[in-house]
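Alright, structures below, take your time with them.
Next come two complexes built around subunit A: one with subunit B, the other with subunit C.
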Partner chain A sequence: MTTHMTTQRDNAGGSSFLARLGNLDRRWIFLAMGLSIAVPILLKLRFPEYPSPMSRATFDAVESIPEGAPVLLSFDYDPASAAELQPMASALVHHCASRHQKIVFMALWPLGKQQADKTIETVLKPFHPEYKEGVDYVQLGYQSGNEGVIKLMATNIPAQYPTDASGAALKDLPLVAGMRDLSSFKLIASISAGYPGAKEWVQYANGPMPDAFKVVGGSTGVQVSQLLPYYPHQMEGMLVAVKGAAEYEMLVEGKYPIAQPEVIGQGRVRMGPQLVAHLLMIGLIVLGNIAMVAGRSRGGAR
Partner chain B sequence: MNASNTDSNRNSPAPRYTLLWISLVVLSGSLLVLRAAMAAQGDGGAAAADPAAQSLWTTVGIWTAAILTIGVFSFLYRDNPLYKVCESVLIGVSAAYWMVNGFWTSLVPQLFGKLMPGLVREYALPSMPVSTTPGLDFALACVPLILGIMLVWRLAPKGGWISVWPIAMIIGVTAGLKLVSSIESDFMAQLGATMRPLVVMNGGFDFWGTMAALVGVVGVLTVLTYFFFSVEHKGAVGKTARVGVWFLMITFGSAFGLTVMGRITLLAQRFEFLFKDWLHIS
Partner chain C sequence: MLQRTIPIAILCLSGVIMIVAYFVSFAVSWSETVNVWFNILSAVAFVLGAGNLLAVNLEKISSRRPGWAYAAITLVSFFFMLVVGLLKLGAVPDPKNPLVHFAGDYETSASPYGWMYEYVFSPLTSTMFGLLAFYVASAAFRAFRAKNVESILLLGTAFIILIAQTAAGIFLTGWIPQDSVFAVLRFDSLKVGITEHIQTAGMRAITIGIALGVAATSLRLILGIDKSYLSKN
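Right after this comes the complex of A and B.
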């Protein structure tokens, strides 16, 4: 009798808990999500990353071009996507500079130029002081025209960019003076947040000249599904959101250590909160479904 | 009556919860402001160490960004005036930014710079290169000028049809540009990438490579079947289409997961800003 009553009470308590869960004020969930991200940041939680084939392919694509060969880095994003993309841009610039590649920066997004400037100031100048503007790197800046910019560059770079971002004529800059079209580059990397970006580089640069250079891309999580069909044939490597950035950072730092690891460690820093927040989400989805099923069975019993 | 009461109770949180939430928000807000103010006075260590952090305008910028960030977060509690202000600021700044950006990156260098290069070089873009064919540039720039005027003609009380012609040209040029690239990159190249050996041999039999090839081909065929509406989806076609639906659902789930990852990263970056740059907790 007592056992039966206890079971009944337990059932009532359990169903009451599930009922309350079903009606939980969503602000508790916001608070839990905020804490699940804030606490790992404060505790500096980091977890080991294991490179996925796509991140490894991006690393290998840069490694496979001859040292000192010219590469084109297109910063096709703005500060709104910098949380995901800046870590991979920093790691990519450090990777290219460590291999003494000649780097040409450009942007299809208006604020991409500022993001490229920021990368030059925080990665290239402090950690690769041997890089001289005009000789080892050039900042072309932003030009309006979206995919039209790529299309014209595919046949005539000076027509699209008569000067670099500072106003110096391209013919006066040793690095780009002899460049005619995109085939002058061995690798094109687009760090892309949407349109125009990596997809347009595949369509308008790789499409007409599939064997002239390698194309790699880094993209936000939202855009990845659009780019996946291009990997690995039209795009040799791809960095998938902050996870790809973290993996690529690990590969780059493993081979080319940097004096201040945090400069190319932002991706890994942001993967700590990811794990905790994802665990919370999975837990909430499971609990929510249990509450829903329990609610349905209670409704059915009545 | 009872139902109405129940709805009303659901819509408005219980008073004790409201009090709890307000206390939480006020307490956290006060702690944050106190911490940030102390850090700005040199108590944060990092502020004193970083000369940039001591600059007045940097401090003003960081405080503005922090208040706007918290203002946007405040919507998670409920809609409020601070959130409305932040929303309006964002809309206003974005509209102004794109207008100015369009003027300085398109109109000035691409149009005015070709119609009156001397004037533009004198007053706007001193670094604009000197053209070797100014006459041809002028003639060519007249085309977009005329088309542009025709496009804004729709604002005039009469002759709105004039704007149809430049719109037709925009559509035609865009279609022409997209057609070739789509056939090359999204059709032919994708077909080539799908037509791969189903049994993959890398020295020996590559089990996972073979599985990947099989999943790719089965996915393409079943999803194409799902979108093939000329035949009724029943029998073998229906079952194949059903498999296609599963592939689509997995794709959507994966895309949603990646979107969630992106959003969490954005939130993490905002917290990093608040903790490191504003509160100097590092």
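Right after this comes the complex of A and C.
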């Protein structure tokens, strides 16, 4: 009898604890999340990545264009999403430069130009010093107009960009002097965090001239569902969030090693915290549901 | 009268030109002109946005509404960046034109504008984005409950995607041979199945619906049936 009562009390105590867990102070959750991100960063945890079909398709799309052909890289994001998108942008620039593609940088987001500048300074100039501005690469910078910019470039690039970002006339820059419209490019890549971005590049550039060039995109995790309908036909490849960047980095570095791997290894570095944070999220969801069930059974017992 | 007729006429003409230019090559140059106007107008929208920012924040400060100090900080920051950027204060002289102040580089972190961008704006916006992780974790703990069949499906999908988006997916199910009949149970295969089939099918339906809606709304605007964009005055 006593044993039975003790067991009942223990059970009640256990379910009471689980029920109270439902009202856990959110500061504990914040602390756990902070630690799950900070510890893997400090310990430099790295895990092997296996390229998904989308990341491989992006790599293959770049590989399939002739070496030295012009490519357009549109930086359609700002510093807020740089943690997620900059690793793929860096890997993409290294990939294109390793194949000696002529690179034209531009931005549909006001601060995208600064992100492109940063990539030029940290990837292109140190690791591909043979690249000369105006000859091998051009920074067009940002122009307002969102999809209007793409529409005008589709038929008349000089009308949209009479000069590059530094003010030099396009006709004086050998790389872009003869370019009339977007069909001058063999590949267009948009690294985007939302509107305007990869979706608009598909709709307004690839739509009117589907066979003129290939389109690939990189996007944040939350935006990817909007782009999925366009893969793999209108958009040949897609890099999805940090994982996509990490997978793409592996493919690029496997074929085109770089002197300082950490420069295009940021995606893989960030996968450590992502793994632990995701596991924490799963644990929290499970705990929350256990607390809900415990709360219900406790309510039912009463 | 003119306040309504002229905007409708401009919209109608622009819309017709854009449609015709898609099918008829001689109208392409007209559509380019329309596009140039559009892009200039969208640049003017920045000025309108700045005006609106001023109006909203000044009103907040003058009426001492809760949080007025944040409005004051917003305006001080806005004017600081505006003045430093427009006047290129502290810009690094251009080696080719060292005597021309406005030829200097104001975006490098050696100038006040570039420094503020690199060391204040960038970290702040990244922090704002990073804070989402904490709130999502808290919200997931409190709201992600298996209360009915729909929420159980949602939970199951979330688990698969969360695991498959990390190396944990490979650790757990990577041992299943890719050419076996059980390969569909691998987390990476499940993720591909969910995203490329279920999610894409749903998103395509939504996209087609949106496209039809946009086409219908555009036609209503071009034909002057929908005038909701005009001022009521």
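Things worth noting here:
We take it that the second predicted complex is superposed on the first by the 294 of 302 C-alpha atoms of A that agree within 3 Å, B and C clash if a C-alpha of one lies under 4 Å from a C-alpha of the other, contacts with A are read in each partner's own complex, and residues count from 1 in each chain.
Keep in mind that, in the parts below, a residue touches a chain if its C-beta (ideal position, glycine included) is under 8 Å from a C-beta of that chain, and two chains touch if they have at least 3 such contacts.
Since the structure is predicted, the reported quantities are computational estimates derived from the model, not experimental observations.
Aligning the two structures on subunit A places subunit B and subunit C in a clash.
Applying the stated contact rule after C-alpha superposition, one finds that A:S98 touches neither subunit B nor subunit C.
Within the superposed three-chain model, A:D25 lies in touch with subunit B and out of touch with subunit C [touch as defined at top]. In the superposed pair of complexes, A:T163 makes contact with subunit B only, with no contact to subunit C. Once the two complexes are overlaid on the shared chain, A:D78 sits against subunit C while remaining clear of subunit B. After overlaying the two complexes on the shared chain, residue contacts for A:D117 are found with subunit C alone; subunit B is out of touch. Once the two complexes are overlaid on the shared chain, A:S225 sits against subunit B and subunit C alike. By the touch criterion defined above, A:N289 reaches subunit C but does not reach subunit B.
Judged by the touch definition given at the top, the superposed model places A:A277 against both subunit B and subunit C. Residue contacts after overlaying the shared chain place A:L42 against subunit B, while subunit C stays out of touching range. Once the two structures sit on top of each other via chain A, subunit C runs into subunit B at 92-100, and not at any other stretch of 92-100, 236-244 or 272-280. Subunit A residues in contact with subunit B (one complex) as well as with subunit C (other complex) are 30, 33-34, 37, 82-83, 143-144, 148, 151, 208, 221, 224-225, 229, 241, 243, 274, 277-278, 281.
Contact residues on subunit C toward subunit A in their complex (touch as defined above): 22, 28, 31-32, 35-36, 38-39, 42-43, 45-46, 107, 117, 121-122, 125-126, 128-130, 133-134, 136-138, 140-142, 144-147, 155, 158-159, 162-163, 165-168, 170, 174, 188, 192, 195-196, 199-200, 203-204, 207.
Put simply, subunit A touches subunit C in their complex at residues 24, 26, 29-30, 32-34, 37, 47-50, 52-53, 78-83, 114, 117, 143-146, 148-149, 151-152, 155-156, 159-160, 208, 221, 224-226, 228-229, 231, 241, 243, 271, 274-275, 277-282, 284-285, 287-289, 292. Subunit A makes touch with subunit B in their complex at residues 23, 25, 27, 30-31, 33-34, 37-38, 41-42, 82-84, 110, 142-144, 147-148, 151, 162-163, 166-169, 202-204, 206-208, 210, 220-222, 224-225, 229-230, 233-234, 240-243, 269-270, 273-274, 277-278, 281. Considering their complex, residues 10, 13, 17, 21, 24, 76-77, 101-102, 105-106, 110, 126-129, 177, 180-182, 184-186, 189-190, 192-193, 251, 254-255, 258-262, 264-272, 275, 281 of subunit B touch subunit A.
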